Amino acid sequence: MSKTFKLLIISVSLTFAISSFSIMQTKKKVLFFGDSITQAGVKPGGYVDLMNAMFLSNGLDKSYELIGAGIGGNKVYDLYLRMEEDVLTKHPDIVVIYVGVNDVWHKQSSGTGTDADKFEKFYLAIIKKLKQANIKVAICTPAVIGEKTDFANQLDGDLNKYSNVIRSIAKAENLPLIDLRKAFLQHNFSKNPDNKESGILTTDRVHLSDAGNKLVADEMWKTIKEIK
Amino acid sequence: MSKTFKLLIISVSLTFAISSFSIMQTKKKVLFFGDSITQAGVKPGGYVDLMNAMFLSNGLDKSYELIGAGIGGNKVYDLYLRMEEDVLTKHPDIVVIYVGVNDVWHKQSSGTGTDADKFEKFYLAIIKKLKQANIKVAICTPAVIGEKTDFANQLDGDLNKYSNVIRSIAKAENLPLIDLRKAFLQHNFSKNPDNKESGILTTDRVHLSDAGNKLVADEMWKTIKEIK
Amino acid sequence: MSKTFKLLIISVSLTFAISSFSIMQTKKKVLFFGDSITQAGVKPGGYVDLMNAMFLSNGLDKSYELIGAGIGGNKVYDLYLRMEEDVLTKHPDIVVIYVGVNDVWHKQSSGTGTDADKFEKFYLAIIKKLKQANIKVAICTPAVIGEKTDFANQLDGDLNKYSNVIRSIAKAENLPLIDLRKAFLQHNFSKNPDNKESGILTTDRVHLSDAGNKLVADEMWKTIKEIK
Amino acid sequence: MSKTFKLLIISVSLTFAISSFSIMQTKKKVLFFGDSITQAGVKPGGYVDLMNAMFLSNGLDKSYELIGAGIGGNKVYDLYLRMEEDVLTKHPDIVVIYVGVNDVWHKQSSGTGTDADKFEKFYLAIIKKLKQANIKVAICTPAVIGEKTDFANQLDGDLNKYSNVIRSIAKAENLPLIDLRKAFLQHNFSKNPDNKESGILTTDRVHLSDAGNKLVADEMWKTIKEIK
């Protein structure tokens, strides 16, 4: 092999190495940190899956990598407990926190929900650790437990309260807010004229239907693509 | 004493006796059937006490007699249990049922609230017995558990649900509805700009302040004076 | 037809009439008043069905008629609400009250259990009405919610408390007590060495297995046959 | 100053320095990590205060330093959240974990207790972090919520269940167990013949009376002094 050829090979290899390195460098890892809604979100048709398609169709699939980190039944303190293992070791650039439904719901279903003050405390502790690791954070309000539009879902009061806690955190911590609760209520005011309990954006009052996954993906997309 | 004078006295006495008898006959007994809110309502400044003054200032005190029958902690089935003793034996002309706060509240405070379907069942059973005794019935929605106006009182959802049950009963049973919940919400939207939890119409999120007693008395007055 | 023959016929007819009348007279109606456990009790293999067989094999089937009056989800106040229609109109001689599981269980499962003091109040109100109708009453303690024998079933404390309420009522009202809770605990101490949650006397922690139905039938039989 | 005297001073100083250093070295820091019971435990007459006196009267006050780290309302996950700040930064030699009452109690009082599986998960996570920091650990069962001895305290079942979780952890993790629940039950079986709800070892069903603080101190002393 001639010296020139060797040099060519080395040069080409280096170019590839550098370019692939630079691709790796710029590909942003977005991790979705949540409960069963997020656990289902990575399945075909789930909101994370839909966002993958959106990044692709916008020519951004080389720039973003989406990772699901949802576990059924998780409350805010469960996220805190597993953040080292399930988040920090994965070195994401952006973490989207989507939690709160179980913190409210389990109060009523099993007596094991989360007090609002402790919900805030653990939420802030998670954010603090993510910020310390130089990870960008976006936070979501919990969407719905029941889709009735006459304000008569049993847990509406608390869902609004915990959503307000999250909205306040977004302001205080200067974080982008993905206000799913607001988006879901607005959607249902026009699309649920029969005051149904489920079947519009959810299949069972809580977990997302196709339309629900679409709405979450749309709302998240708007926010995530703007995070620098 | 002359015979004529004696006759006069007898005649006058008889006239008085008859007229007072006829007054007694036409004096409508209105019984307020409820929980601790009604129990406090008969105290000075309470809503029943205020209504007494309203009937008086409208020259109707000779036509109405107001009776309190409220017991703290009562739920709809407690009313049913004691209706023979505390209502039917008093032969009221009108009964105002004001119940529901504890049916919702005790779900969360002690695990002993009332399921919505049973709430309706007992409510209808009370109405049936009252109607059978030829008693007119007016029914009230439960006002508030917490006065926040951002829809974030924990039990707002259920209060709206149980209020809807009562509104449906009013329609189905063709009964006058005193929609306290609606009146309280409207009042607070304009009078509670700071989104306080209590202190406007309640002293403690549930029990009535002076303004609360006034609002209840006003709402009830409008309805009761129209019941023939 | 001869006069003698006519007399014979009349005499025989009368004898039949009287005897069948006396059979009707002496056939005691026993009504089982309760929840889903009693609702299932009338099915083949259920505890009421088993007792029918026991009365038969003891030659007492002509003397007793057993009637089920159980409705799923019933608590003590539900029994009170439907006692006119489901009990008094059936003119039973004996009523066996078997209630309490839902009063305790629903506290934890749906926030709609029954406070102990109101449990007692409604229980006494039922007994009073039955006694007024000259009906004999026997009362049962609620058996189990969970069969673990290490005292670690979540609701053991309350089941014991409400059973104590019933035991006190039996004493105060001088009523035969069928202490199912005691019988179930004793059975399981010897027959559930592996501390299983269900599968011994229940199929699902609450509803009766074949062995459970057998034990209930045995305990009730001992008491009911002694009621004069 | 003569050279000899200088040497003497240096020598004496060194001796003092070394001896005080060695005292500091051997003084074992014992940290009590818990809820309001432990928060009250450091007050005069509290169980930590009593143990200080016990170490003193046994001539061990130079060998042990007792530190309270109890915060009212804490559940197992609250301990986990604050263990860096409140435990690890204090470099204790021994940590006594005394938690569980609120995890059970808040299920019933506010719907915000802790599921048994998560209770275990967080408990193990705390132990793991302490062991990693070379800290010895002793663990306690939660004593009582209600002192009735007829097994009819509402939360007895769950307290037994969560105590069993802790007993299993002690075995699996090879940790000394301070079985307060067992000690309290045994005490009350002999000292609470009237089946009182409180007033023997507690003032209010949960928080310790003088006798309760004494019993906890005695039980802990037996275990802690044996930890090498």
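List of remarks:
As written, the chain order gives the labels A, B, C and D, with residue 1 at the start of each chain.
FYI, contacts are C-beta pairs under 8 Å (C-beta built on N, C-alpha and C of every residue); 3 or more make two chains touch, one makes a residue touch a chain.
These numbers were taken from a predicted model, which means no experiment stands behind them.
Considering every other chain in turn, the ones in contact with both subunit A and subunit C prove to be B, D.
It takes 180 degrees of rotation, in steps of 5, to superpose the Cα atoms of subunit A onto those of subunit D. Taking each chain's centre as the mean of its C-alpha atoms, subunit A lies 40 Å from subunit D. A separation of 49 Å divides the Cα centre of subunit A from that of subunit B.
Once the centre of each chain is set as its mean CA position, subunit B and subunit D turn out to be 54 Å apart. For subunit D, residues that reach two or more other chains under the stated contact definition are 107-108, 111.
Against subunit D, in their complex, subunit A makes its touches with residues 77-78, 80-81, 106-108, 110-115, 118, 121-122, 125.
Against subunit A, in their complex, subunit B makes its touches with residues 107-108, 146, 150-158, 160-161, 164.
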